[in-house]
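Across the two complexes that follow, subunit A remains constant while its partner is subunit B and subsequently subunit C.
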Partner chain A sequence: MSNVFNWQLGREMEYPYEAAFPEQQFAFVFNTNRCIGCQTCTMACKSTWTFSRGQEYMWWNNVETKPYGGYPHHWDVRLLDMLEKANPGGQTWGGTPESLRAPYGTFNGKTVFEAAQTHIGPEGANRALGYLPADDEWSAPNRYEDHPAGNEKGAKGEYFKGGERLPEHKTWFFYLARICNHCTYPACLAACPRNAIYKRPEDGIVLIDQERCRGYRKCMEACPYKKTYYRGNTRTSEKCIACYPRVEGRDPSGGGLPMITRCMSACIGHIRLQGLIELNQDGTWKEARNNPLYYLVHVAKVALPLYPQFGTEPNGYYIPPRWVPRPYLRQMFGPGVDEAIERYIAPDRELLAVLQLFGKDERICDRYEIKEGPKVFEGEVRGKKFEIYNDTIIGYAKDGTKIIETTVEEPVYVRPERHANSI
Partner chain B sequence: MQLRYDEDFIEAAVFVCANGRRPGVSALQVARFHRQREKLYLILDPDERSAAFFHLHLAWFREWGLEEMLMRLVGDFPLLCGELDVLAVRKARGKTDEGAELYVGERGVKNAILALRPEAFAGGNGVTDYVRHEFMHLNDMVDPAFGYEPELQLPRLNPAQQRIARERYRLLWDISIDGRLQGAGHKPVATREQHFQAFARAYAFWPVERRDEVFEQLWSSRTPKHWELVSLIADPRGLREARRPEPGGSCPLCDFPTFQWADSSALRPELLERIRSEFPLWTVEQGLCGRCLETYEAIAHA
Partner chain C sequence: MPTPFKNQSGEWSAPADGPRRSVFANYRADTGKQDTFSLGEGDGGDFEAGLTAGAGPGDATLLQSAIDLAVARSFVHRFLAHAYTDPTREGWSWLCSRATWQNLLLALKAVKVEEPAPVFIEDAFEEFRDAYTAAFGHAARGSCPLNEIEYGDIKADPLFQPHRLADLAAFYRAFGLEVAEDAGERQDHISLELEFLCVLAAKEAYALEHQLDSDCLAQCRNAQKKFLREHPGRWLPAFSRRLAAATQQPALCELAVLTRRFIESECARFGVEPGSGELGLRPVDEGAERLCETCGVK
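Moving on, here comes the complex of A and B:
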């Protein structure tokens, strides 16, 4: 085991390999507040990559209804339970949040790598704590769709009233869209006995070499997010490839510019923003104040990693759903949740503008600038002053090409009185 | 009797062993298994490769004693071994998909399929207890003394009642099988207490003495007859023979079971006339359900 620095945990942690960072890292932000669970992303991925024989149970992209849904069933609850058993009462956060190296404080508990040594297989201790889901856990990918949670009930013969009131709904659920997180310290990579899994140096995308894979399924067991899948007819494992030909700029429709993945571009709710992040020597993010992902994760701090306590340093970030009880969200997204929701419910001028970039163009936005516009609204959100300025945000690709120009207020176009299909 | 396997089943079962989830599998064997398996990836033809994997997995299925375990269990049922042409083992998709089914072909050729979750091989003797229980079901099905018939003859039961009757049959059969297994010194799938609780729930309407008596008969090591079980499931409360309205009995007019009997003694003459025009043999003492009363009142008003 080596010691590597995990900035999401604010500390060094054990990992089977030395730290090695790519030139740029594939990363994304999903705004759960906007997701309507339509599964367009799921089908975009399915129809692009996993429509063949043997891939029937593969959903590289899936959208599950939390808290009950999950694919495979209850993947997160099972692993959280295993971690709790490995370190009873110790899975806690502490410390003080500080800059880029510990923005959420320090995680005191054990990661999947640190907790693994207690799990012994025939070949010795596992490299990451995990489990291999059984077949029935891979059935019904959208099980518990729209099932709400709530521990208060209405009077007999009446619906429960007031379950929808903010700041936290008493009857609640939300959609969690998931793809491979292309982790900085992938557990799948750590566990592969064949070294068939690698992280591309150019963009940090995690891939399985189909020539090397021999179907041990250790990656499936180790990945805490359960995002690798075994294909029965080829007897190899497969996973999300982050649509790397598009990220490389090889999709003709991008005119040679790096493009976002199919699931991101198909999203009708505009919940997704994808980017490439430059890293420092220690794996922390290089300051890029006007990169939209950097801004959302490190400046506005509204986007948080999914289950950072697993320790793989996932590169998928989520703006947490603002109506969900906070203890649940703290477990899922770490201690930054309260601050993130506070900022999101009454966004400042810059955040409101950056939120307009989601889903606006299929090319990857590397940098933005904002042109100030007039104030169009002034009010109050939960006791906080809230203003809307109709600013214009302009997004640029890596090479400086202008790819997005949009305003905070959606433009209103008035149809001329007389036109071709007038009655 | 031939034993055949579904390819997915044996692959998943040997992986349960290779992953250290079944005790008694050595690390050296696991390493050898993987070495042999890795070589097969060099076969380019997909069909050839698939066949090679099947043979390798089958060899390890045998090496790790899984086939021997199944053979030993089925060997305890000589009648079943003699009657079956093929016993095929397939992978069950989940716990509810597990079980054994008998298929009888045109010329009376009997084949059976046993559906098992590969994970069942992970540790413990649960799998042997379960498989033995399922083989008992198959054995009863081929045993002329049991007199099994694939279709339950349940005349005059509506589909909902038939489903309940089938569930009762399954319960009684399971009790009898586990009782016989315990009598023979094997571990049953569920304990006597668990079975009794389920039985008491299903036959809650019986007096305690009758319940105890029937349960004891089932749990005794005696092999029941198929018709004996059927006689206990179709109309255990004897409502068909009731001469007067009983809660849960069937309405003589619509034939639906009801707990809402109408007061038939106070029916108006025009209603009585209307009902008797359609049901000449019906008597006031037989009663009618609340829904039928509503219907005939509506007809009389129209």
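Moving on, here comes the complex of A and C:
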């Protein structure tokens, strides 16, 4: 075991290999507030990569309804339970938030790597605490879809009075879209006995070498997000490949520029923003003030990692749903939730502009620039002053090509009386 | 701008073009694979790996050595099968190619046969074909027959020949193989027998590579052992001796020595007693002429 620094936990942690970081890291932000659970992303991925025999139950991208849904069933509940049993009452956060190296304070509990050492099974200690889902847990990928949770016991034939009011709905659910997080410290990679999993130095994408994999499923057991899948007819495991030919700029429709993945570009709700992040020597993010992901994660701090306490330093970030009870969200996204929602419900001028970048172009936006526009709204949101400026945001690709130019207010076009298909 | 539909040349294929690398020390850089096989770091003594190989990284090396050995054995069988096939220009080109030669050297190193690899020269095709015809003749029966059932004592078993042929056909069929219609040879021809062993060794490599059920591997090895004991292991030592005596052509002489050494090493590997180099040819027995035409019984 080596000591590696995990900035999401604000401390060093144990990992089987020495820390090493890619030149750039594949990362993404999902805005759960916008997700309508249409599964277009799921089908975009399915029809691109996993349409073959043996891949029927394989959903590299899935959208599950929280809190009850999950694929495989109850993956997060089970792992949280295992961690709690391994470290009863100890899975807590503390410390003072610091920029870049500890933005959420310090995690006092045990990660999947640390908990594994005290969780000795019949075959000894695993490299990461985990479990192998049974076959039935891989069935019914959309089980509990749209199934709400209620904080109070309701009366038959009646809605909760004021149940729709913020800050927390009394009846609630939300959609959680998930892909592989291409973690900085992947548990799948740590657990593979054949060293078949590798993290690419050029973009940090985690891949399974199909020639080396023998289907032992140790990765499936170790990945806390359960994002590797076993394929029965090839007897190997497969996982999300982050559409790497597109990220490499090999999709002809991108004209050679790095492109976002299929699931990201197909998203009709424009909930997804993907980027490539440059890292410092210690694995923290290199300051890039005008990179949209850097801004959302480290400046506005509205995007938070999914279950950071697992310790794999996932590179998927979520803007938490603003109507959901906070204790649930703190468990899922860490202690930054309250601040993130406060900022999101009444976004400042820059945040509102950056939020327009989501889903606007298939090419990866590396840098943005804002041209100020006139004030078009002034009001109040939950007691806070809220203004809207019709600013223009311009997005550039890595090579400086202008790829996005859009305004905060959607332009209005009035169709002429006689138009193309008028009768 | 080209559309994805216009770009079907392989540039758009999934595998990355460059070598696979990882930021972590777990994944050794891919140095590229050879065309036919690569030899592991093991010394070829890992024959028993595979059945017992587990999940540890050390076992993985052992397993890789076992796979490499099986692939190497398969290649030597394939090479010999080609060499004993009725010579054609096409087959000759393959035998003479640099890639074949290099692979043969690697394979012989892996199977620990130290005989020099036969040298086939592109321009010597006619010379080889003439020597081949002189040594083996035009008929099944000559001074050095290429067919198994010409070897041995027919008096011990009046149904010796049909039994041998039926047994060979059953072996092939059990593994889903049939003699091609245009093969022009009987089931007992040396090329067919060696080709069959080539397939079995390749199957063994496949079973190891894909971690198939240990039964698959055991059956594969058991079949090789039985086939070797019943057929090539029994008569190829005698064949090699006869060939060495029947020809002066350098490639054929080297081929004879290599065949004998390789078959003996295969017998040793599977724990089979090789047949005698002195095994005689079936005598031309007038009694055989008197056998019942339909059932072979006197």
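One rule holds for everything that comes next: the second predicted complex is superposed on the first by the 410 of 423 C-alpha atoms of A that agree within 3 Å, B and C clash if a C-alpha of one lies under 4 Å from a C-alpha of the other, contacts with A are read in each partner's own complex, and residues count from 1 in each chain.
Please note the rule applied: contacts are C-beta pairs under 8 Å (C-beta built on N, C-alpha and C of every residue); 3 or more make two chains touch, one makes a residue touch a chain.
Owing to the predicted nature of the structure, the values given are computational and were not obtained by experimental measurement.
After superposition onto subunit A, the partners subunit B and subunit C occupy overlapping space and clash. By the touch criterion defined above, A:Pro245 lies against subunit C but remains apart from subunit B after alignment on the C-alpha atoms of chain A.
In the superposition on chain A, A:Arg235 contacts both subunit B and subunit C. When both complexes are overlaid on chain A, the residue A:Val381 reaches neither subunit B nor subunit C. Applying the stated contact rule after C-alpha superposition, one finds that A:Leu166 touches neither subunit B nor subunit C.
Contacts of A:Tyr216 after superposition on the shared chain: both subunit B and subunit C are touched.
Contacts of A:Phe21 after superposition on the shared chain: subunit C is touched, whereas subunit B is not.
Set side by side, subunit B and subunit C differ in how many residues of subunit A they touch, and the one touching more is C. Once chain A of one complex is fitted onto chain A of the other, the partner contacts of A:Pro201 are limited to subunit C, with no touch recorded for subunit B.
Shared-chain residue A:Ser139: touches subunit B; no touch with subunit C.
Overlap of the subunit B and subunit C interfaces on subunit A: residues 193, 214-216, 235.
By the touch criterion given at the top, residues 1-4, 6-7, 11-12, 14, 16, 20-28, 55-57, 60, 210-211 of subunit C touch subunit A in their complex.
Note for the complex: subunit A touches subunit C at residues 16-18, 20-22, 189-190, 192-201, 204, 207, 209, 214-216, 218, 235, 241, 244-245, 248, 250-253, 255. Within the complex, the subunit B residues that touch subunit A are 8, 11-12, 15, 18-20, 25-27, 30-31, 34, 37-38, 41, 46, 50, 53, 91, 93-95, 97, 117, 119.
Chain contact summary for the complex, subunit A toward subunit B: residues 120-123, 132, 134-136, 139, 193, 214-217, 221, 232-233, 235.
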